[in-house]
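Okay, got some structures for you below.
Two complexes follow with chain A in common, the first pairing it with chain B and the second with chain C.
The block that comes next holds the complex of A and B.
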């Protein structure tokens, strides 16, 4: 187990290096000049040149890359050109918001998907199952910003239980303000999760251990909880793990719609203003989140399924 | 000034706005007879977070509009853009040789930390803007030296006679900060800025909101009326619209054009267009064939149905443009009328050109800018009628900046606004090759434009200056390096409880005069 963990962590190093390198060169290859963007079009060429020099953008690309790598190895994410402050301090403010949002949306996704999937399996032709199918099709066909806007409209304005976007002060208020955005992100992966769980549950139901449990005289509820759902959750966990990327990119859009000051809105600002270091830092952190979640997924998978060996 | 990008579909906006209209039945109409009240917290939602509160650094409106509330400048623009009023300076005069300006400072002005505002603070502040890496270095580069004969007098020496000087001193970048940032580093000062404006900096939750509170020691007694103002960052225009109707915010800084109708119909909400110096134009790269031919450019100008664009893209919230200087400046030449849409004349102009049978060209637009996309498609259809095939290429805004900067494009939309109330800045920026970005990226180079701009800025008599500016507008009108399309006002939707809100032509909010009714 420990050897497995060490090996996985070592393997993560080239992955992270790849993320850093690709994001660095992609950002710098894109046309656009952060100095010109920051100074606006009225500033003269001398001002632009002076700012480029101040930011070290007049050095060659390989030089900039090496100094960036060196900086990263010292744990320094650099300075944001747009926000005029250290990226580490920005991360300290923004990252927790996005992490809470991702975790909340994963929880919501699970809480919504399990009952929906169970319904469609136990009564595949019932009204509820039809409704679930329709719901899945509609949700999957709707872009996240649309779902977000609709939720704001109905639960934020018409029945004003939630704030119509924004991020107030105080932990309780903030958690409350994150409910609708988390629900919006969760909904975007619910159809996939429902379908995956459903398939796994159908497979479980037709297995011999379920027939055996039935022949022992166990109740349907118990069979579902103890045998079917437990086995189906193995595939549920791996779908959820893979979808964490989708959750993170969902956060990107949803944070804009709900005015949540997380990583997503910061990344958008960074890209639009060619804030190289900021975009690279955000990509790196999102990359790390995915790496860690994959690792956790494998650990949970092994815990749920004794046949899977961590080797 | 940066134009907003509309990221979401018009359908969602329409649906959101109409539902919002049904749900908010509270609030009265304009309440123009309401009694003046003090106190209250005003919440304004905007699309972006300010970049920096150090006056010499930013170019974004989100920062500029806050800087104008927490700092003072020597002069301030009049609301209608006609000139400047006294602020930190009570009076000013140009020397007999016209090579220096002397400003007398008021003696009762204090920084929020209690220190009096002195000429040393003014000198230090201007020096920060003169640094090469400051975006507005080009404005203050006219100053060759500053003398501080006493604590309340400052003398600016200029490189040449400079009439726009009092207006330059009203620029937000020339806001007065404490000498040497009160002993702090620039970065530390920017986190807790100290100014002598009507409001004091209170707190900043990065990415979310920034709060300023009433400065009780502000020299203009009786103002501000409000206890505090909170600027919240709400990137999505639909969300801002719904927050306004749910009462979460009182002013929406950038209402989308399509949401305006619903707002005007909702009780308790108002929509107003305030005069702004914004001019939206269609730029043509005159260094490229066949756009280097003035007949081609004239044909394009005649073939565009501006009225149709005004109606379907701007929802009639703008006016057709003629001369390149906006009507908010006294230098505007009203005799230059918008070119009438005339296909026959357009064809005739093209027949005289190097490409009588038409040609193919490209317009570059910002990706995600739905207004620009709609506008480009209308122009595409117009130009097709005279044999010009227009291709539409979309680029993200930062890429578009560099493409235009490198002259690597045919046609593109653009807009300009002035930062100072004197016409000098914008007349040069949008009229001269050396005044910024090659005559707003058109590469139009006319030596007479520089001569006229210099003559106008050195003369003191406004009537004489106006003649020079009229001539500059005529040259642009005759040579058509770009087509001024619309004069665009500043649009705001807000709660009827907000009174006295009247942003100036240069964008200043003058929040010290704003008050809230219960």
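The block that comes next holds the complex of A and C.
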């Protein structure tokens, strides 16, 4: 177990390095100049050059890359060119918001998908199944920001249960403010999750082990919980694990729609202002989130499926 | 061996399968009965409807199967198997495990791979007795020992894929007897096993029969297994009962239906080593082009013109015996001689 964990962590190193390298070169090869952006159009060439020199942007690209890597190895994410503070302290404020949002949306996705999938499997021609089919088509055809805006209009304005946006003080209020954004993100992966769970449940239901469980006289409720959902949750977990990238990018967009001060709005600011270090740090953190979630997915998978423990 | 009336009575069971818009008859007017503690062999080739019969009894039919007629009496209670009666289906469900249980053909797919095998026995135990889980677990271990699993204390926490085929089948048997059922349906429980393991499982059945005093309905295509284990026999062919007898020996010594005779002739026998084994010419008709009369007629050596007319009645004159043939073996001189020579 420990050996497996160490191996997985070692394997994560090249992945993270790849993320860092790609984001570095993409950012630096894209047109635009942070010094010019900071000083404005009217600044003269000399002061722009001076600022570029001060920020180390006049060195060759490989040199900048190597010094950036060295800095990262010291655990230093660098200074934000736009906010003029250390990126680490910015992260400390912004990252928890986004993390809570992602976790909350994953929980919502699961809580919505399981009953929907169960319903469509046990009553394939029932009203619920038809609604789910329509719902899936509508959700999959709609971009996240549209769903978010609709939710704001209905649940934030028309029937004002949730705040329409913003991020008030106090833990309880903040959690409440994250409900609608989390629901929005969750809805974007619900169709996939429902379809995956549905297929796995149908497979389980037609298996001999369910027939055998029935022949033992177990009730349908027990069969669903213990013999069908238990087995279907294995593929549910892997779908959810793979979709965490979708949840993270969903968080970026939805934070904009709901004016939530998380990583998403910070990343947007960074990109618009050519704040190299900030964008790279955000990409790195998102990369790390995905790596950690994949690791967790495998751990949970092994917990649920004893066959996976052998290898 | 019997108290008043049989343990199980199946009467006029007809079942259709819906396959791609067409409706195929898989079982036709199947009837037989089983006394308390009796073991009846249900014999036939693949596709003869043996397994469907078992599943119809438990109400575990595939979704495309429709029972169009059929009445069942189990332990004095009557059930309408056709007409989709919800109330009867629910009563039938309540019988599962404690009244009737079933042992499946493939132990490796009939056990849930992600739940320890012991838990799957515990589920069946808890169905009958309202025990605490720890007590039920102890009882499950006891059952595992009863079916010949020696280190049951360890194997109780094992998963299906960690056990050999024979052990898996023993686990399934333990789960099937956990509810102390009066009738155990066996769907070729030794087919998927090695020959040596088959022997062990068969002797386990013989042992359990004495121990539990349960009736057995044993589906197989292997007449040697029937000879070892069963008291009575029903021969199915293409969804029809060909021959049925409350006494196994009479059928083995003196088969009434040409199909039974052909089956017996095609069974390997150590006394006939070196001689070419008989095989029935042709192959079983598919469900879609079954002949109008006797389904075996096209392959029958003794076929006559009237064989392919409408449904064949029971022509047996012996009590407890049923033969669906217009020209049973042994009734016409010459035929007896031919059959004897062949044996």
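Assume the second predicted complex is superposed on the first by the 309 of 311 C-alpha atoms of A that agree within 3 Å, B and C clash if a C-alpha of one lies under 4 Å from a C-alpha of the other, contacts with A are read in each partner's own complex, and residues count from 1 in each chain.
Heads up, the rule we're going with is that a residue touches a chain if its C-beta (ideal position, glycine included) is under 8 Å from a C-beta of that chain, and two chains touch if they have at least 3 such contacts.
All figures in this text were calculated on a predicted structure; none of them were measured in a lab.
S.K.: Give one word, clash or fit, describing how chain B and chain C relate on chain A after superposing.
M.R.: Aligned through their shared chain, the two binders fit side by side on chain A.
S.K.: Quick one: is A:274 in contact with chain B, with chain C, with both, or with neither? Answer first, second, both or neither.
M.R.: In the superposition, A:274 contacts chain B only.
S.K.: After lining up the shared chain so the two structures overlap, which partner does A:77 touch, if you call chain B first and chain C second: first, second, both or neither?
M.R.: neither
S.K.: More residues of chain A are touched by which partner: chain B or chain C?
M.R.: Of chain B and chain C, the partner in contact with more residues of chain A is B.
S.K.: Contact-wise, after the overlay, does A:165 reach chain B, chain C, both or neither (first, second, both, neither)?
M.R.: first
S.K.: Let me test your reading of the model: by the given contact rule, A:215 touches which partner, first (chain B), second (chain C), both or neither?
M.R.: Touch partner of A:215: chain C, not chain B.
S.K.: In the overlaid three-chain picture, which partner chain does A:265 touch, first (chain B) or second (chain C), both, or neither?
M.R.: first
S.K.: In the overlay, answer first, second, both or neither for which of chain B and chain C A:110 touches.
M.R.: neither
S.K.: So, A:40: does it touch chain B (first), chain C (second), both, or neither?
M.R.: So A:40 only meets chain B here.
S.K.: In the superposition on the shared chain, how near does any CA atom of chain B get to one of chain C? Answer in angstrom.
M.R.: Between chain B and chain C, the shortest C-alpha distance works out to 47 Å.
S.K.: Do chain B and chain C touch any of the same residues on chain A, and if so, which?
M.R.: Overlap of chain B and chain C footprints on chain A: empty.
S.K.: Spell out the residues on chain A that touch chain B in their complex, using ranges where they run on.
M.R.: The contact residues of chain A facing chain B are 30-33, 36-44, 46-47, 50-51, 54, 82-85, 90, 93-94, 145-146, 149, 152-153, 156-158, 160, 163-167, 169, 256-259, 261-262, 265-266, 268-269, 271-274.
S.K.: For chain B, which residues count as touching chain A in their complex?
M.R.: Residue positions touching the partner: 2, 7-9, 12, 15-16, 19-20, 22-24, 45, 48-49, 51-52, 54, 57, 59, 131-138, 187, 190, 205-209, 232-236, 238-239, 242-243, 245-246, 248, 395-399, 401-403, 405, 419, 425, 429, 436-437, 440-441.
S.K.: So in the complex, the part of chain C that touches chain A is made up of which residues?
M.R.: Within the complex, chain C touches chain A at residues 55, 58, 60, 93-98, 101-102, 104, 106, 109-115, 120, 123-124, 127, 159, 161, 172, 175-176, 178-179.
S.K.: Which part of chain A faces chain C closely enough to touch in the complex?
M.R.: Within the complex, chain A touches chain C at residues 207-209, 211-218, 222, 226-227, 230-231, 234, 304-307.
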